[in-house]
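Chain IDs A, B, C and D follow the sequence of writing; residue 1 opens each chain.
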Amino acid sequence: MNPENGVYVLCSEPGSTERAVSALLSAGMSRSDIVVISSVPLEQYAQSEKVRMPWLVFAGAVLGGIGGFLLASVTQKSYPITTGGMPVVTLWTDGIITYELAMLGAILTTSVVFLLTARLPARNRLPCDPQVSQGKVMVGIASAPDALRNNIIERLKGIGEIRP
Amino acid sequence: MDGGPDNRMERRDFLKFGILTGATATLTACEKPAQQLVRFVPEEDFVPGVASWKPSLCTLCPAGCGVVARIMDGEAEVVRNGQRGTLQMGLAKKLEGNPKHPVNRGKLCARGQAGLQVTYHPDRVRSPLKRSGPRGSGDFQEIGWPEALSEVVAKLEELRSHNRPDSIRFLTGYLRGQSGVLINKFLASLGAGPALQFAPLDEPVLRRANLVSFGRAALPSFDFERSGYVVSFGADFLGTWNSPVSQSIGYGEMRRGRPGNRGKFVQVEQRMSQTGANADEWVPLPPGTEGLLALSLAHVIVKEGLRPGQPATAQSREALEKLGNETYSPREVANRTGIPASRIERLAREMAAQPPAVALIGGAPLAHTNGLFNAVAVNLLNLVLGSIGLPGGMFFAPRVSTMQETVSPNENSDFVSQLLAGRLEQTEVLFLHQANPVFSTPPLWQVPQTLKRIPFLVSFSSFIDETSVLADVILPDHSSLESWLDDVPESGSSEAVLTLAAPAMRPLHDTRAMPDVLLEIAKNLGGSVSEALPWKTFAEMLESSYRQLVEAERCDQSEGFDKLWKKVVDQGGWWDGKCHVPPLEATALSFRAPEFVAATFDGNEQEFPFYFQPYVSQAFLDGSVAHLPWMQELPDALSSVTWGSWLEVNPQTADQLQIRQGDLIQVRSRHGTLDVAAILNPGIAFDVVAMPMGQGHEQFGRYATQRGANPMNVVAPIQVEQVGALAWAATRVSLAKIGKQVPLCVAAGALNEKEKDLR
Amino acid sequence: MSHRWGMAVDLDRCTGCGACVIACQAENNVPTVGEQAAQKNRLMHWIRIERYYESEFPNPRVKFRPVLCQQCDNAPCEPVCPTYASYHTSEGLNGQVYNRCIGTRYCGNACPYTVRTFNFFNPVWDKPLQLQLNPDVSVRPVGVMEKCTFCVQRIKASEIQASAENRELREGEPTPACVESCGPRALVFGDLSDPDSEVSRLARSPRGSMLLGELGTKPKITYLPRESSDGQNR
Amino acid sequence: MVKTADEIQRDLLRPVIQTPRRAIPAMVGLALLVLVGFSAWMYQVYTGIGVAGINRPVFWGFYITNFVFWIGISHAGTLISAILRLSNANWRRPITRCAEVITVFALLIGAMFPLIHLGRPWLAFWLAPYPNQRGLWPNYRSPLLWDFFAINTYLIGSLIFLMLPIIPDCALLRDNLSGWRSKFYAVLCLGWRGTQKQWRQLEAAMHIMAILIIPVAVSVHSIVSWDFAMTPVPMWHSTIFAPYFVVGAIFSGIAALIIAMVFLRSSLHLEEYLNAHCFDNLGQLLLVMSLLWLYFIFAERLTTWYGNSKSEIDVLWLTVRGPYRHLFWVMVFCNFVIPFPLLAIKKLRTITGTFLASVMVVIGMWIERYLIIVPSLSRKFLPYAWGTYRPTWVEITITGATFCTMALLYLLFSKLVPVVSVWELKAGLRE
């Protein structure tokens, strides 16, 4: 899909946002096609898709933990050091390393997963309008099928100015 | 170890060559002196990195312990015939006791081990010096040996031509062994008087007492290994007194060497010494009353008939009768000493009950005006205890007839009496050797002034100290590790001992051994003098002296003298191996009955409320080893102070005077004042203040100069009756706070081990 | 068989003379720190003689106690070192590898006996005093912890000697410098794994006790206390 | 009065868009002071650690005190903001970011001190486990290794925790600025658009981070406490240390946060945002922590006193009665006696009140760290080896410089990013 196909309308107040969305729906667009861009989160327009993040994070934690344990115990063995019979590996202390690296794993996974799911850093796929930062909301379709394009523009007229 | 003569020849050529190349190198090299250093060809053979042990002799105190030096090769900066350069040579790395030596049997005290630093001391005199500034200014210029020697010889020639040989004097510390013989021979050949002696650590009073009691002006030895009971009157015999190492060895055995039979040890003193700290019972009493206590103990033993049988001559019997005298009854003595009569009796009975019991005396009790009385009294106590010349008692080390042992000075050879009699005034030339009277005498004796009046002073000192700084010419001696040495330990061994040591290492600097210098001077003087001293080197003289010894002692010469000589050199001396406590000859027990004399003190009690008690410092002795950094940093056994000197005050006394630890105190006697930091010492009498000797040097290398205070500055110039030695414990002082805190280096973080400090 | 080096200190023999202190300083190239550092409690001696007054004049009692590294079997200094600089040798000594030390001084804090010393500056020996240095012992640079090693260089030397002559070590070899110098033989060194050695016998003595044994550090030095005498002023 | 979204945006972006007067000279001044501290450190590295006052037996002094102190401060932030986020407390919105910033910077500073205090700092990298030719591997039984891992984890975690919510604000700046600055923020915001998908993922991520960061923070200060508790040193070898340290850390953290907020509101004119309401709430938190702190120190001392083992009681009396008593009672006053009324009485729990209390607490907590470390070391088991400790000018200079570093970093940050999260505040309006 190429950005040129995008059709958007700038809405200044909540009501108009509402109308814009319904207009697009009536134009035969599905909710998942509709893009709502705002400077603050608008729960009501968020697509109700599953968030898998926690599970991934847990997996990351497990990986980190295993990594930590191996780092602490196995690698010590691979560097033989005279300790006159004193322990080189002790479970108690390895526990601490394991724990810290598990948490690190979780933290890193979280940020990675976030960047991936939020498609960041992003190429300019979507239009960017300074007015959004001034509080306006931009509603539209990332790529409108040419057939429907004019129809959509028709319906959105009067709600706000059309982009592009 | 050196190869044959031809080999040596070859070496010398190498040496020349080495210097040549070195010189040319310097011409081409840039001007930095560091790069002008020549690399000499090694003078000896050694296996790199492999240590060898060579016997030597500790010269830091009169005990005369045998040592072994660990020699390993190393790179040293040396001077060889006027040329500085680096040399791969054998270097002493560590000193330890000579295991074969009968006196110290492989053990060595802290000072002895620090003797290593004398050789390597950064402030050693590295070449002959000629005074370039006014006397005492410390300005010297380096000169070569020929110049220095010719100067001295010229002076001597002049005096002999003017026929005033008696104006040549020689001041030294101890006259012992062949070096002593050589010095006196040298003086005699010049027609000069006997060598003057000044040795602060010597015990002239004790010698005199022993002369009186036993007919021998010698220091005693003790057989502690077998003693059951030891009473020490102020003698720091485990730290600094007499032969501390051998005495410590005996002490250890007395305590734990005989399972089930632990000898008891009682110390009698006013200030707890390192030795006193080890006592089972510590008996304080007023200074100067030690003799009384001794006689009182004897009194009880005699009265109660507890005395073991001992052959007694008429005089000693008479002396014993005198003991019955009421003056010495516990009651009387209790009044004078403040020690309960019951305690005196108890001690006496204990002694008699734990034979063999022995008594000894040293330190402060001998430095009171009545020191001689105290010493004789203790000798009498020993007689009563039956500990003289018997196992577990006191005895005199056997002598080797042909060898000169310590010469105890008479009034002609005693520096102090000569000084006070004004006999030094007409002296023209004075040789100074191993003696620092300027530091160790009270200022009122005016030693520096007297020395300054002498036109020509020649010092053999290795360091610029208070005395050698006055010298016109300094002919630096080798360190003990670099020279041939011999010694006759006076005490500490029950067998006859002669210590002899070849040089353990080659000299570092442009120095020469004192005896060799004397021989060279004699050679230059020629005539009768050189005839009287036929030897080329001191080593030669030593060897010939041992030839005489072999004759006299009728040693087995089956394998020839050379073998025996080699054995002597390898093991570091000669001892007959017959270990025994020699009984004293019958004449020995000819006692003169001691007449009680009270000690007098300088300064009245009101103005000067405190007895001032200097003591021989564990680290510095009389100050002769204060220049060694290891010693400066050795925490004192009791005060735990390093790098300084201090005044010990009883905490209660300090409270009354509002003195806190570290406060700067002005100590004032009738003759002077000194400022020193206070240390609170729970082990000292309320009316006594004590101070270690050895610090407060005006001049003594970078580590000791201007550090701490010298107790001599307040010591009154009064002498021990009938002996004339300085009574250094007979001064009273007053204390005044200056109102300044001194940052003392106290190693101990606390006074005791309980929850809080004692006070 | 491997040795277990230990020491016995008979306080009834110790006279507090300080010979051991200098012996150690000479043998192990322990630097002198000078007056300023001494004021700051920065003495470097590996063995010190503790002096404690137990009562006051007129009946003062003093206790001397030589304290050196106790070579604990269960040493608090070892596990805390992040770089294995302080570690347990196969002969049970508390080793200190100077090159590994990065100077956290953690071991110094952990040691209950305060016997570890730290190089606050690079050591200096005024020329030619450096000639006294023992070539068998490395000189420690600034920022490095050091401690008593039981004169490990002497131990190794005599072990090599013995193996060269293929024999077992004899009683009395090796001997650390402090023990060598001790006149009254208060310090006794030897192999604890040999039940007949003098040190083992002393360690078994009923008089024997461990310094701060209650901390569970399992020291290899046994202290035999001084016999307390009743005889004070009856 | 409630501000509109536009007003909020204007107020909060102002300090970033146009540099406030007095900011530049302040930064320069601080930078100079930091430089002084740094050169003091270089002097120490060059001459040897001996220029510090440490000695035997007090091997640790000012540096480790600062280490514990700053790591403690770092708990301000993250912990507070995390807890408040989870509890979804609305008054959190203006303060979370200042808090998180404190965490990151305090951690950076705190982590410096183990390096500064090393005898051979140039070998510090030997602590890191990586394949090497030394044939050596760090000793995982050493608490210092635990520190190494814990602090790294915490630093990364809190950094991410700080950065995530900054992204949308960077987008804001991109749109509100022009020229290179706009481009600069365009990069920083990673091309953020603000689609509902992004918003949702962001909030989910923040939620998880908040959950993760709390146990990490707790573990970090527990491990710092174990640096001490693992050694048989009187009054260190204690099981109470971990929670004791964590509480102390949060305590000093909140105080630091309050102080920072006071400076921000006055210097950046954020009076309406960092308002009395926030301070009142934080004040109450601080009050709770103060009481908790009192409880812990009492529990610790009581056990020691009751146990009455010689070495421990020595240290106890040393601090309470001995030479350290002055410091000890100053600490008690700073941490409880003064803050308690200021925070407990509603009338006094004003902005000034909480500010005063916080200053006291920060001072008090620094002294507490000092009193934990130095007296115990100076009175270990063998009295002969007891010692004292006196800091030198080097230690004092470096310590002072770290506070300047904190201020400087904070100032720079507030110039770079709005210290109050704009979008979160706007979002807050709609509830």
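One rule holds in what follows: a residue touches a chain if its C-beta (ideal position, glycine included) is under 8 Å from a C-beta of that chain, and two chains touch if they have at least 3 such contacts.
Here the structure is a predicted model, which is why all the values come from computation and not from measurement.
Core chain by CA centroid proximity to the global CA centroid: C.
Counting C-beta pairs in contact across B-D and across B-C gives the higher total for B-C.
Centroid distances from chain B, each centroid being the mean of CA atoms, peak for A. Centre-to-centre separation between chain B and chain D, using Cα means, comes to 65 Å. Here the CA centre of chain A is 90 Å from the CA centre of chain B. Between chain A and chain D, the centres computed from C-alpha atoms are 31 Å apart. Residue positions of chain C with contacts to 2 or more other chains are 41, 43, 48, 50-52, 79, 84. Counting partners per residue, chain D has 57, 136-137, 141, 145, 383-385, 387 as the residues that reach two or more other chains. Residues of chain A in contact with at least two other chains: 81. Pairs of chains in mutual contact: A-C, A-D, B-C, B-D, C-D.
Chain D contributes residues 47-50, 53-60, 114, 117-121, 123-124, 126-127, 134, 136-139, 141-145, 148, 227, 230-233, 377, 380-385, 387-388 to its touches with chain C in the complex.
Looking at the complex, you find that chain B touches chain D at residues 640, 747-750, 752-753, 755. Residues of chain B touching chain C in their complex: 49, 72, 74, 76-77, 91-97, 104, 106-110, 113-114, 116-117, 120-122, 238-239, 244-245, 248-249, 251-253, 255-256, 262, 264, 272, 274-275, 277-278, 280-282, 284, 340, 342-343, 346, 350, 508, 618-619, 629-635, 637-638, 640, 642-644, 650-652, 682-686, 702, 743-745, 747-753, 758. Those residues of chain A that touch chain D in the shared complex are 35-42, 45-47, 51, 53-54, 57, 68, 71-72, 75-76, 78-79, 81, 87, 89-90, 93-94, 96-97, 99-101, 103-104, 106-108, 110-111, 113-115, 117-124, 126, 128, 130, 132-135. Residue ranges of chain C in contact with chain B, taken from their complex: 10, 12-13, 15-19, 21-23, 25-27, 32-35, 38-39, 41, 43, 45, 48-64, 126-129, 131-135, 177, 180-186, 227, 229, 231-234.
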